[in-house]
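These notes open a run of structures that come right after.
Heads up, the next two complexes both have chain A, just with different partners, chain B and then chain C.
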Partner chain A sequence: MKKKSNNLYLGDRQPLNTMGKIGLGLSYMVLILWTIAILWPIYQMVMSAFNGMQQEYIIMNKGFEFSFDHFTFLFEETLYPKWMLNTIFISISTAIITLLFVSFTGFAYSRYRFKGRKASLMAIMIIQTIPSFAGLTAYFTMYSIISDVLPFFNRQMMLILIYSAGGIAGNTFILKGYLDSISMELDDAAKIDGCSNLKVYKLIILPIARPMLAIIALWSFLGPFMDYLLPKVILTNPEAYTLAAGLFTLIADKENMNQPAFAAGGLLIAIPTVILFTVLQKQLISGLSSGAVK
Partner chain B sequence: MELKLYDYIGNSYKRKNQYLHELATIEDEIAHTKGAEKSSLKKRLKELQANKANHPYIQKLQKYEEAEKQFLEKLKQEEASFEQTLKTNNARDKKLHIQYFKAAKEVDFYQPFVDLCYDAELKYRKAVVIDEQMKEVIDHLERNLKELSDAKEALEKLDSTKESEGKKAFSEKKKDIEIEYTKNLNSLKKKKEDGVISAKALENEKIQLVSKKKKDIDLLESTLIPSKYYKELIESKTYETTKAIKHKLAVIDDNESNVLRTTPIEIDKNIKWYPVASCLIPGFGQYLNGQTTKMILFLIGTFFIYFMALPYTLGFGNYQADGLMSIFTLADGAPKIHKSIIYMIEGIISLFLILISFAILLVNYKDVKTVSRNTIKGIRPRNWFETKRNIFEDGFPYLVSLPAFLVLLFIVIVPITTTILLSFTNMDPKHQSKFQWAGFVNYLGLTESDGMIGRAFWAILGWTLIWTLVATSLAILIGFGLALITNNERIVGKGFFRGVFILPWAIPAFITIMFFSIMFARQGILTQILNNITGLSLDIKNNSFQTRLTLIGLQGWLGSAYVFLLSTGVLQAISADLYEAAQIDGATAWQRLTKITLPIVLFQTAPLLIGQYTFNFNNFSIIYLFNSGGPFNPSVYGNLAGSTDILISYVYKLTMDNQQQAVGAAVTVLISLALMVFTFIGFKNSKAFKEDK
Partner chain C sequence: MKVLLDNVGKKYEGRENFTLRHIDLEIEDKDFCVILGPSGCGKSTLLRMIAGLNSITEGDLIFGDRRVNKVPSKDRDIAMVFQSYALYPHMTVYDNMAFSLAMRKEPKKLIHERVMEAAKVLQIENYLYSKPSDISGGQRQRVALGRAMVRKPKVFLMDEPLSNLDAKLREHMRVELVKLHKALETTSIYVTHDQVEAMTMATKIVLMDGGKIQQVGKPEDFYNRPENVFVAKFIGSPTMNLIEGKMNGGKFVSDDGAITLNPSDTDAQKLKEYENKPIIVGIRSERFITDNITENTLDCTLDIVELLGKEKTIYAKYSNGTTFVVTIPGHLQFKAGDKYKLVFDKEALHFFDGETKLRIN
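Our next item is the complex of A and B:
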């Protein structure tokens, strides 16, 4: 009786033959290997950040002793807190300015048929393909002119301007695409009820576009956060650096060299971003795939 | 001249000006006859024109004009004395009273002249509109003004005993409301416990109860407490005396504009020269057409052109340069501290200011031309009320995108133009402060594969292409393969694997790259492990081939997460029915993969995957942060670049480290052109662009 029940197959999938079983085993092997390939470096980073026995260089086989030394070093001996504040300031300003511009242009391009619309849309599309580093040489000169005329204008503001202006073109496209997918009947109804254009924008478009605006704001925030090239070029004073430019000095400059401190600093940034990206992965992807592409 | 007049929707009206009517009739006849009669008609026409002053209609018209002049003078005096009799001290009330008073007089005066000319008819009809509708507005305003001042007075003289009594009564009755609220809430909760309503319904009912309670309390408060009552009254009356009146006046404005649209204009003088005469001075034409407020708007344009753009272009108010000319001179012969690059940028700014000025002039010319042409046809020029509405309706998209475009112009387009122009100069280490135009020298230098710059360029271009193709394809292959395996229904722990596989995407790339850079250093952990496994003593960062291989692998590691995320989303959305149907038809697993899965995933993610190729083409971070573009290989690259440098990091090194801005600009232009073409091909078929017909 017992033997018989072993042979009984229950389930709505077909039983696996030998080849299938081998395939399934191989699949698991691939998945587990890739999991190791991803987790091992991260594990190394966490370990070096907390390993009190590591000194300036991260080297293997030195034993492990749990300590917060590297974090203390990071906050007391380096400009890390300053970099963090700089990054947050630049990122938030960029997000706000981009949003201000783009919410209007996206609205205008999606809802109105005006003269020169097609031509300017084409121009915007061409502009957005040109990478922002293309104006590198001019940025310097423009900065020196502006800061000479307006003494309060600093390099970080220049960076914010470059980021936000660079974001206008692409994000206008994304928002336009999103708004295009929303029926215009709502606008028409509001207009018949006597809403002016600005009221339609405020009462109809802004609430509807809020999810996409949030995504645009988030990406505009993350852009400066992740960028290395422009901060490195535009900001010359380590006091003004963003995280990406600042952390690189911890592994590239001979006198500032402290690799475990870099690991600690990286870890502190990675934790919130990983949480953010994991929770919002669907929304972040949808922002990319709607509008400009597809 | 036409026989009839037209309004904006094409309704035709007969001419009232008999002289012009005769003129038009003769002209019409001339056009339709031939030969000898024509000359006699022409003679009649000339006679008519010569005797214009004696024409009976013209004389009538002159009499009317004189009478009107007298009437207006009288009206002015009457207005002044009427103003004295007014008792109100509200400015708007006063103004409306005067308008109403004047309108009544105007109706009386203009009525006999309605058939004489359209101007009189217009003034008559406008006065009628005000005469009929203003009374109600004034009454409304005065009634509410009175109630407002009454309420204010009452609030000042508030009886404290009544106030405290009211408060007492309010707090008592408030309790009743609260008791009723708790009672209702409890009965709702009971219903929920009994299973009559769902939890969701309970929530909704609760929200309604709370808002009802709040409404009741507010109502109670304003009825029982006098101070609260008067405050609310003042608020509502203030609204009535300001905003509500504005709305009512807008209705009158609207009716007036309707009169304007349906009463044609008939003019005697030649106005065809208006557009040409005013084409250089925005605002002048609007003045000639009688649109004074619009004129002010255009005068701002004149001010911009003649007091900002033009002086700047001529060199006044520049930072260093001489306006537009500085593009050509590039600080040649200028003082020592002056820099060519500043001259170039200021020249470009001048150029754009000139372009903006031309745009303003064009808009102005078109505006004056349309208005003049319409006036000849019989359509009256818009008044300010209509123009304002028109600006906020049709001009809205321009108005709201203007700030964005200005920023785009100065922060994006001016620098890009500078780079393009810079690529035709000789800005190099020897010519930093002053440089000259050099034609295509930089581009030619890049194409010559035996020169130092050219040789490095071709080597870097080759590696850039290999890097872009191999690294991106590897990431796509890994990401898609993993997505496919994870999506297998027999795999347990999907959530875990998916969570882990997107980590490389979720951690900021610069951190991972820098950490891998540490681990691949000579003493780094990964190098040590590789050494132990292979038995070699590797020095990855000093070996071109090994660094390149590592970079490609690293990008595979980094980029696969994103592709994994994309393809997983698509795979999960594919209906299982498709596979079942295929299985029933006898399709093998391989066939199901290649005929169902691959086409669907590729079709949906293709644009984003193309984006991955352009991303890697420009992936400065990974190249620079991993090994700073090194290791160096002077025999191929000179000292300008390293053997893993891609074009963008090459540009960076040329511009930032070696002061070879001109060559860097040339490479930038080439990169941008390539990207534009590549993206355009991708975009041409995109939804966002196609739907836009």
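Our next item is the complex of A and C:
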């Protein structure tokens, strides 16, 4: 009897037959191509960001010479540091406002029965389907009304308001779902132990929901980094631009064209997000997995 | 502390009918009162109303001499053990137990003493600094008890605390709980659907069904003198044998006329006025006699014989198709397929009114 030693196993199953092996090969090929499709642009970005011989077009690249020229250009010739600060300010404000409101709305929807609970949840869900860009005229009207009443209300604050309003609506659902999976008996036990409603929330529910809150904070923080459209439309002054809107000026027209600087700027954007991910890593993983298992 | 429920009722918002209504109950100080009933009978709702977790729609709830209908849970001087234990997952065992005292701003030293005392009684000293997720189910159960104990509450509420434990541990904890109840000298109210727990632990059983109290009393009353057909069927395993029929000439005759039984003299007195009225007669499985008596006998074929060790359960079939459940000591030889003469013990017959389902004798 000939013993087959070249059997391929996927987990604890029957060995793969010929078709299975071909399928596996194809799967790997797709995955590899996909990886290349993702990694190639990143490689290009990193290379051109550090390439001193790079002119204003990334494509017309002859040779490589390591330098920080493009970064120097970014910080000295453009408003990049200002944009960075703007973005971080908008992101942090959005994250804080979203978190503050969502933690209360999620708790209320999960724990209390009140008139219009179902209707308002439905309304939130339906409103989610309308892209925020569709409300542009409304935003301008709202902005002019608010800034009439409160003169210090600038366009950046309007942007924060739009981001956090959207975030509150969407994340209320997510947090409600997560809190629903926490047994109500915990609330009861805490109440008998002497907690008021607010203390139940603060001392019992909030610590348990922390992983989910970390995820919500991260998402709302990253939102303004990713968004180009709203800041471009709502912010009129380049001084007030966010990174996405600001960097686009470097590739938008012939006069200011500097594609390598754009690449360098893009690379730098990653820094705060990477830091945030590292800090929240433990919370995020436990949040994702516990949410999935329950 | 004495707990008194006076005509208490509960209607959940948005429901047409009352979940519970006309509940009158008196639980004496230091009673171990078990509220027993099938699922959905309203027993948990009743306990949650006593705990203050559900509002009371009508009636009065009185602790000692204070009406506590509107008093929040934390001011009722109660502690509760939940079915899921409801331990705070982010706190250590010690913090879980200390939480209620810490909430009341008790001094740290007192908290420490009380927690240590409870931990010693419950033998959980070794994992006071573990998280609830790192300890076993039985240990969690003890922590939940400990958390309730440290407060030294006047009323101790338990909502099916043993239902998540395995059979052996449950048996053990039953004894522990009774010991604990005696040591703490509090009033305990315990909700369960398990009649064994009720019979073994209670000083007073409250059996509920369909939002009403069916019977209140001592465990032995429940077994020996069930007040209605529901109680008779619910208490006791195997279930009591019940036959529907009529009184005819001082004798009980089953509906199809196949079974005729003579009641005892005292029972016959009480049954006089039920002549020609529907009657249900019941007999516990262990009250059949195999002696040679000629009265109240039925010739049965043994259908199935189950050996349970100390006893055998026999399903005996009578010629009209009725099956009787009989229990006999395990060492007696009975085989399926044999024919035997079953004798009803006259003194152990339970008679119920066929219409009202209430006990007659």
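The rule is short, and it goes like this: the second predicted complex is superposed on the first by the 229 of 294 C-alpha atoms of A that agree within 3 Å, B and C clash if a C-alpha of one lies under 4 Å from a C-alpha of the other, contacts with A are read in each partner's own complex, and residues count from 1 in each chain.
In this text, a residue touches a chain if its C-beta (ideal position, glycine included) is under 8 Å from a C-beta of that chain, and two chains touch if they have at least 3 such contacts.
Owing to the predicted nature of the structure, the values given are computational and were not obtained by experimental measurement.
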Partner chain(s) touched by A:277 [first = chain B, second = chain C, both, neither]: first
Partner chain in contact with A:108 - chain B first, chain C second, else both or neither: first
More chain A residues in contact - chain B or chain C: B
Contacts of A:262 with chain B and chain C, given as first, second, both or neither: first
Touching partner for A:193 - first (chain B), second (chain C), both, neither: second
Touching partner for A:8 - first (chain B), second (chain C), both, neither: neither
Touched partner set for A:247, first chain B, second chain C, both or neither: first
Shared chain A contacts, counted only where both chain B and chain C touch the same residue: none
Of all residues in chain A, those that touch chain B in their complex: 13, 16, 24, 27-28, 30-31, 34-35, 37-39, 41-42, 44-45, 57-61, 101-102, 104-105, 107-109, 111-112, 114, 117-118, 120-121, 125-127, 129-139, 141-142, 145, 148-149, 161-162, 164-166, 168-169, 172-173, 176-177, 180, 196-197, 201, 225-229, 233, 244, 247-248, 251-252, 259, 262-263, 266, 269-270, 273-274, 276-278, 281-282, 285, 288-289, 291-294
Residues of chain B touching chain A in the complex: 319, 339, 341-342, 345, 392-394, 396-398, 400-401, 403-405, 407-408, 411-416, 418-419, 422, 427, 478, 481-482, 485-486, 488-491, 497, 499-512, 514-519, 521, 523-525, 528-529, 557, 565-566, 569, 604, 607-608, 611, 618, 620-621, 624-625, 628, 648, 651-652, 655-656, 661, 664-665, 668, 671-672, 675-676, 679-680, 682-683, 686-689, 691-692
Residues of chain C that touch chain A when the two form their complex: 13, 48, 51-53, 72-74, 78-80, 82-84, 86, 88-90, 99-100, 103-104, 147
Chain C partner contacts - residues on chain A that touch it in the complex: 113, 183, 185-186, 188-195, 199, 204, 207-208
